Structure formats: C-alpha cells, structure tokens
Amino acid sequence: MSPGHPTDSSVSAAAPRETFVLNVGPQHPATHGVLRLKLTMDGEYVLHAEPVIGYAHRMHEKMGENRTYVQFLPNPSRIDYLSAMHYMHAYVCVVERALGIEVPPRAEYIRVITSELNRIASHLVWFGAFLLDLGAFTPLLYAFDDREKILDLLEAVTGSRLTYCYYRFGGLCNDVDEQFIEGTRAFVKHMRGRLGMYHKLVTENLILRKRLEGIGVISAELCRKYGATGPVLRGSGVPCDVRKLEPYSVYPEFEFDVPHFAEGDCMARYKVRMEEIAQSLRIIEQAIAKLPPGPVMAEKVPRVIKPPPGDYYFAVEAARGRFAIRLVSDGTEVPYRLKLRTPSFSNLALFGEAARGLLMQDALALLGSLDLVIPDVDR
Amino acid sequence: MILPEPYRLIAYLVGALAFVGLNAAYLVWLERKVAARFQRRPGPTEVGPAGLLQPIADGLKLLGKQFVVWPHADRVLFRLAPAFVLAPALMCLAVIPFGHALCARDFNLGLLLVFAFGSVNVLAILLGGWASRNKYSVIAAARVVSQNVAYEIPMLLVVTTLLLTAGTMNLRELVQQQAGGVWNWNLVKVWVNPLMPVLFLIFYVCMLAETNRAPFDMAEAESELVAGAFTEYAGMGFGLFFMAEYANIVVGASVATVLFLGGWHSPVGVMPGTFWFLVKLYALVFSVMWVRWTFPRTQFYRLLNLSWKLLIPAGLGALLFTALILKLR
Amino acid sequence: MVAAIKEFCLGLHSLATGLAVTLEQFFRRPVTVHYPWEVLELPARYRGHIVLVRDEQTGRLRCIACKMCERICPSDCIVVEGAKLPGESRKSVTEFKLDFTKCSLCGLCVEVCPVDALAFSKRYNLASTRKADYESMDLCELAKAGDAK
Amino acid sequence: MAEQQAKWLSCAEGGAGSEPGSLVRFARLEQLLDWGRANSLWPLTLGLACCAIEMMAAGAARFDLARFGAEVFRPSPRQADVMIVAGTVNWKMAGPIKTLYDQMLEPKWVIAFGNCAISGGPFVFPGQYAVVEGVDKLFPVDVHVPGCPPRPEALIEGILELEQKITGTRRWPRVKTA
C-alpha cells in the first residue's frame, strides 16, 4: 500500500521540481522540546532532513570542569531528566571506580530497583508522547497515570519527582523502607495488568499498526555508522545491552532477556520498549525478593573527593541507550575533564539519513520512535 | 404554521443560527467533558457549575482577543474564510426535518441541497489555509481538499444506493418511510436491501472524513502541522473555524439520523417527536467523540487509499447489487 | 484474498477492542485530586526549599554559622552570616539568605550540616507575581514567621 | 553575539502592562472580558527541558489543568494566551522564544515555570556562557513559579495566581503548607 518513495535519482531525472524548506521547530509539538529540523520537501516527501541542535545547551560538561565532584551531583539527573537514575548511576560509579570504593550490596540492589522503576517511567513518557505524535491523546494520560504511581514511590524515597539526587559516592543518601517495597510489589502487579490494556488499546490497533509497520526502517548498519544504541539498535535486531555486555552493579544476578526485533521499523522500536517494560518488571521483582539487609553507605568514603590522577570510564544502559562518562582526573578536587556520551545525540544523528524519502507524517513518526530528549542531545 | 413563507424561513434561520451557536459552544464543552471521562479526569469543573460557563468564558476570551491579518496574508480572503466556513453548515440545517412540523424549508431536493452546501466548507478551509501564506496551512489545505473530494464520492454512492430503494430525495418523506419502530429504520431494513448495515458503516466513515474528525483529522493535524489550516488564525477567526467543525458534525449526524436511524420516530413505534431526533443526533455525536479519543490518526495516503481502493469500489458494488435486486424483484 | 479478508476482520476487531477499552475507562471513577480543594499527602522526605530548624530544648536556631552549606552548595545560593553572642562559646546565625531561584534541591546542604540545623520545608505550591519573593529568602525571618503561626 | 544579546535585553525594558491601550473603556465590559480571559487561559505548547514533563503531568489526569479551562494547549502562538516557559532558555533559544512571544496576540501572559526560567537556576555560575539568567530579561513575566522542577500543583497555583492578577480577586482557597 505504501507509495513509491522518490529517491534522489528519480527526483533529478524528473522535470525541474519545486522544493521548499519546511522549518520544524524549535517550537513544534513533534520535536518534543527545542529541536529544529530543516526539512527540504518535495510536496509531502522529505528529500533532505537536517537536525539543528543546540537550543537546549546547558553546559553540563563545562560545569563538570568547574565544580567539585560532589557539587556536580545534581547535574547528571538534569542531562536526561527522564532517566535521571541511570545518569546518576553512571556518574557515581565512575567516581567510585576512580576512588576504588566498594558499595554495600543493599545499596546496589536499591540502585537497580530505582533505576528499573525509572526506566519504566521513562518508557511510559515515551509511549504517551509518541502516541500523541501519532494523534492519539488518551494513551498519554493512561501512561501518565501509571507513571504517577512510580513517581509516588520514588518521591517517598528520594524527595523529588523528576530530578532525583539520590545516589551518593559509596551508596545512597537514605535507605528504603518497608512501605516502598510493598508499594513496588503492588506496582509490579498493577503494571502487568496495564501492559495488557496498552496492548489491547494500542499495540493491536489496526491504524497504529499500519502507521508503524515498515515505516522508517533503520538497518543495523546505519546504527553502527552513527553509533546509535539502546532501543533503536535493538529494534534493528542487535541484542546489544550494556547490562549484559559490560555488566555493572548487580545486574549479572538477575535473569532477564534483551528484547530485540529484526524489522528495524518504527513498530520494532515500539515493541522493544514495551517489552523492556515487562523485562524491567521482572528485574524489579527479583531484586525485591533478593534484597539483602545491611548498610546503604560504604564506610570508607573520604570526606574530600580527590580521585588519583587517571582516566576513568563507566557506561550504563539508560532508557535511551548507552550512557557513558569518561572522567579525567588530575588529582585535584575538580575533574580535569568530564566527557558525557549521551545516547540521544547519536540516535538523532541518524535521523537525517533515515528520514530521506519518507512522507512528512512518517518522518515525524520516525522521529518520535527515536525517543529523543533534547537536553540530552545538547547537554 | 400560520406565518407567511418568507417570515417563517427567517424565523427558522434565526432559530437554526441559535441552535448551531449553542450546539457549537456546548459540544465543545461536551467534547472536553467526554474526553476527560475517557481519560479518567473530571474535565472543566471550576468555571460555573460542572464547568458549564466554560464555553462562555472561551467565547468572551476569543472575542476580546486581538485579530491580526499579518502583512503577507491575502487580506480579503483571510478575513472571508472564517465566515465562509460557517455559513454552508447553517444552510444545510434549513432543510433538515427535526420533527414532523419542525423543518424550515421542506422541498423535494432537500438531500441534494445538503450535499451541495456540505461541499462548500472544504473551499473555505482551502481559502483560509491558502490566504494564510503559511507552509503548514497550505499543506493542510491541500490535504483537506484531496481528502474531502475523495470521500464525497463514496458518500454520494451510498446515498444514491439508499435512494434507489427509497425513491425520494425529500428528507421528510425519507423519515416518514421509517415510521413505526426500530425495525422500520433504514439501518435494519435488510429485507429491502441486505447491504444496509454496510452502507451505514461506509456513510459513517465518510462522515468522519468529511467533517475532518479523528482518525481523519488532516486539517488540524496538531502534532505535525502545528494547527494545520488555522495556524495563523487568532481570536474569533479561529473561534469560527472551531464552531464550524462542530456545526458540520451536527449536520453530518443529522443526515445520518434522517437517512438511517428513522429521524424523529421513536424506536418503539410510539410517541414520535423532536426529542427522539435529538437523542439519536447526540448519540451519534458522542460516538464521533468516542472514536476521536480512542484512535491515532491515519496516514494521509492510507486515508486516500481507503477511499479510492476500498470505499468507492464497495459503494459501486453496493449500488450495482441494489439495482440488480430491485430489477429482479 | 482469504488472508486479506482475515486481516480486514482482525483489523475491525482490533478497532472494536480499542473502543471497548476506552469505554470501560469512561465508566471508572476519575483519578484526579482537586487541588485547591483537596491536597495530596506529601511524603516525609519531600524536598521543598530549606528551612532552619530550632532546637527542641532551648528554642533557638540550631545553626552555628559554620558555612559548610554555603561552601558545598553547587549553585552558590546560600549566604550565612553568624556572630558570637556575648558569653557563648559557639557562633549563632544572624542572617541566612537563600536564593531559591538558583537552588536545584539536591539536598547536599542538609546532608553536610554538622548540627542538623537545616531541613526541607513542605512548601510545594509556591507561586508569586514578584521574582523578589524567592530571590533572597530570609530563612531567619521565615523561621520566626513559622513560630508565630 | 553580545550585540544580539543587548538588543534582546533592550526589548524587554518597555515591559509591563502588556494589554494594548484603548481610548474608550467600559468598566463592566472589561470586567466581563477579564473574567472570560482568566477562565480560559490557553497555554502555548512550549516544553524546553525538565519542567516540561511536570507541565505535562499537570495536564494529565491526576492534576488536570482542564478543571480551570487551561488544558487547551495550542501549538500555534496565535491562539495561545499564556506562555508557560518551562525550562532553561539559552541564548540560542532566546531569539526564537522572543519571536514566539511577539507572535502571541494581545492580551498575553507569561508564567516563568521553574528556577531556570526565573533566573537561570542551577546553571548559573561565574563565567557561564549559555544560559539566559531569567526570561524576564527577554520579556515581562507575570507569574514566577519556583522549584526544580516545581510540582504540578505549583503550576496550578501559578495559573490561579495569574487569574488573580487578571481579575483582581481569588476565587479559590489558599492551601496552607508547613
């Protein structure tokens, strides 16, 4: 049913055609923030797409070179505010690696639980926002309903709803209580039921399937070319997950699958994320069952953080893909260099090539399926 | 009715105007309430009891808002389009029989008039989009025209099929034929034409597309085209487009009620009256909202494919089949 | 052909299930908290802006103006001044200014405080037409106002 | 760059009292219009950063801005009445956001939602080069809602505060907090 997409050659072979530039953004509902896309269009076909970034640049890397290790703690959660826990995790872990701190097991388990809860919350926001792009409004509100339940749990522990500053070098700033564990158990049960509802309402929907299947195909080759990771790469059939490939924290102790689909279209990326919610629930369930007692803070954490000079690196699987920090320390209280490798940036990079020849509507569906957080792109 | 003809017509048009105005205002309220309920929230509650004053506040706000024709726009057409979009819907209401005696102008080609005026509204959106000189508006306008042209054909095919069995284009007579209970409605008269439910389904889909409602809301594809054809309109200019959308839904639902659901007749066969017409009308309007708040938007080319590759052949098939039945009977 | 018809029917069925799901939600109770009329209960650990804590026994502000919070704050939004009252060995706070508009609610100041003199408030619904209301909040004054209530 | 910044900054000085003046005014009618405006504040769909998610949460079922008639998020600035600046504005975004403000038609209002919008928030440090230290440097701001990010209730409170500014009275009770 899909119409013939004009390739570059067919355009040049035809009579002189009138093209125009459509400026999508920086304020546009489809760009989820302040991304700007310069689309060169032939009618409704996108001939060339050029993302223009930098509208949400917030100097995170520069700030890393300007303040002490402790003072940088609020920043990672604001780089990608939807997966704040993962970013915090990467940051505290890279410093812990530099200092050689051993984290107590209870703290690691709680980190995994909160991270996975955060992953679900992030995917729920994506689910809602993506469907909003496709013109369905109601699923957004259902997703936010469920997300509120996660936020309640996390707020009770961390004190904030979105930009948690919860992990510390050597552990956590406070322990979880019985109420949180009970609440999480109840949530896991609740969310399983809701996933079924989402599948009935959305996944199986004829209109949605027709909109996503075979649209915006991204090959594994393209992902490799631009360094795309996370659900985008897994949607292209590559079972790549930092949690499995370079296991960190206590992830090796849990059983979970890495969902991946070979189609590489928007539907594959959609299914990967929905399946990941289910897998996260699995991990949370196991982590709660195994949660050991004990302290949540390592004993030997120096009061002044001064990692020995050196080059340190740590990567985690954030909701959008591989997030890595490279830390260069010169032995002082302030990092010499703090390089952030953010997944959204690489995932956005392939948009220009993947969107070529698509209809505008499909190009925007493709953009939505990449799940971008713009401050994460611009840093 | 004892009033002489011209006065009667004027009185009815004023009535229709009030009806459309009220409907548009309160259908917006209803839509917000219904959407809210689907999403498990209360919707407008704080402005007046149950938010009933919300449309009035919105109206006042829109009236008090600046209206700017920006320098590059086509000044005349830009101002004309909002008025042009509402007028045809009003004209359609003139021939729709709300009750046994409640019909402004009862004449033999009523149905033709409805469809003739119904097509004008596309032109208004085209004018508005084109006069705005905004890329988003122009794209949306082009989409709307091709969409409405595509869906007018299956809609007329369905109506023609129906007319083959009914034998009249007078809306009042069409309703009269469906008197005496739910089994006499055109929707369930499968012994006259076994395709009746299918015809209704096609008509319903076409109605959604003609009124630019989700999942076919290409005119105001919010997440792609900003506000579509209305991007540059502010204040009451935008308000009129908004009203016209609901006026068109009322017209569409009215025609569906007249053609398929027995007009003002009650489903049990007793106590016919305008009341029943309104019940059916609003039930249809509710279903339109229900569809909107459930489904995502379709792609534009699939929308056209649906019409040209499925609905039009189906409509033609139904027409042929019905003609055959009538000939053989 | 058979496959196409089957897919068409499945598609129609999926649309119907979608409608059924939303209809079911339609008849459920709304989940909304009617904010100005009813409020959500905040968790004990909720982080609003910081406030000064009084000592239970003496009734004085616990703060000893050691300036640890001022130093650790990533956004430089705290200014503390203290003085030794006559006849006392430790300093007490005379001025505690918070620029809430720069705060990121990270909680480092509360954690670093050696005498637990800082706590998070539960003021979650601040809004004002004046920026100055939050630019230099006098926490000493705020603590006094809190006592008056 | 510096010139551009100075230009944008100078624009904001004309500031306050954003309603266009007219020679003849009708007190009752104005009151009625103000009531309408206060109860039908359509926000512009403008999400900049973290706070945008809380803005979405405020529109979602649990907090429901719709109760106050403020859920009609318009993507086109022409139809919006209130711009909720939710997130960090940097100098690259300053131009576009100023354009958006100018494209909104009178009467219009601005809510600075979150610390970044009020004053640059945690991203202000000596020698910073990117962040606009408060959108009130670009255009007049009516209501400030502090927090990082503020809770959705705070946005509702901001809308109520704005309604109070428009009509002069507050219809809703004030929620006492500890």
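Letters A, B, C and D mark the chains in the order given here, with residues in each chain numbered from 1 onward.
The rule is simple: a residue touches a chain if its C-beta (ideal position, glycine included) is under 8 Å from a C-beta of that chain, and two chains touch if they have at least 3 such contacts.
This one's a predicted model, so the numbers in the text were calculated from it and none came from an experiment.
Where touching is counted per the definition, the chains common to subunit B and subunit C are A, D.
Averaging C-alpha coordinates per chain and comparing to subunit D, the farthest chain turns out to be B.
As a whole-number value, the distance joining the C-alpha centres of subunit B and subunit D reads 37 Å. One inter-chain figure worth recording: subunit C and subunit D are separated by 21 Å, centre to centre, where each centre is the mean of the chain's CA atoms.
If each chain is reduced to the centroid of its CA atoms, subunit A and subunit C end up 25 Å from each other. Rounded to whole angstrom units, the spacing between the C-alpha centres of subunit A and subunit D is 29.
Subunit C has residues 15, 18, 21-22, 25, 30-32, 34, 74, 104-105 in contact with two or more other chains.
Contact of a single residue of subunit B with at least two other chains is seen at positions 36, 38-42, 45, 222-223, 226, 293-295. Each of the following residues of subunit A touches two or more other chains: 28-29, 67, 74-75, 78, 138, 141-142, 145, 163, 201-202, 205, 207. Taken as a contact graph, with one node per protein chain and an edge wherever two chains touch, the assembly is complete, since every chain touches every other chain.
Subunit B makes touch with subunit A in their complex at residues 35, 38-41, 135-136, 139, 214-215, 217, 221-224, 226, 293-302, 305. Against subunit B, the residues of subunit C that register as touching in their complex are 15, 18-19, 21-23, 25-26, 28-32, 34. Residue ranges of subunit D in contact with subunit B, taken from their complex: 20, 32-33, 35-40, 60-62, 64, 66-69, 71, 74-76, 78-79, 81, 105-107, 171-172.
If you check the complex, the residues on subunit C that touch subunit A are 10-12, 14-15, 17-18, 21-22, 25, 31, 43-47, 72-74, 104-108, 111, 120.
Within the complex formed with subunit C, the residues of subunit B that make contact are 34, 36-42, 45, 290-291, 293-295.
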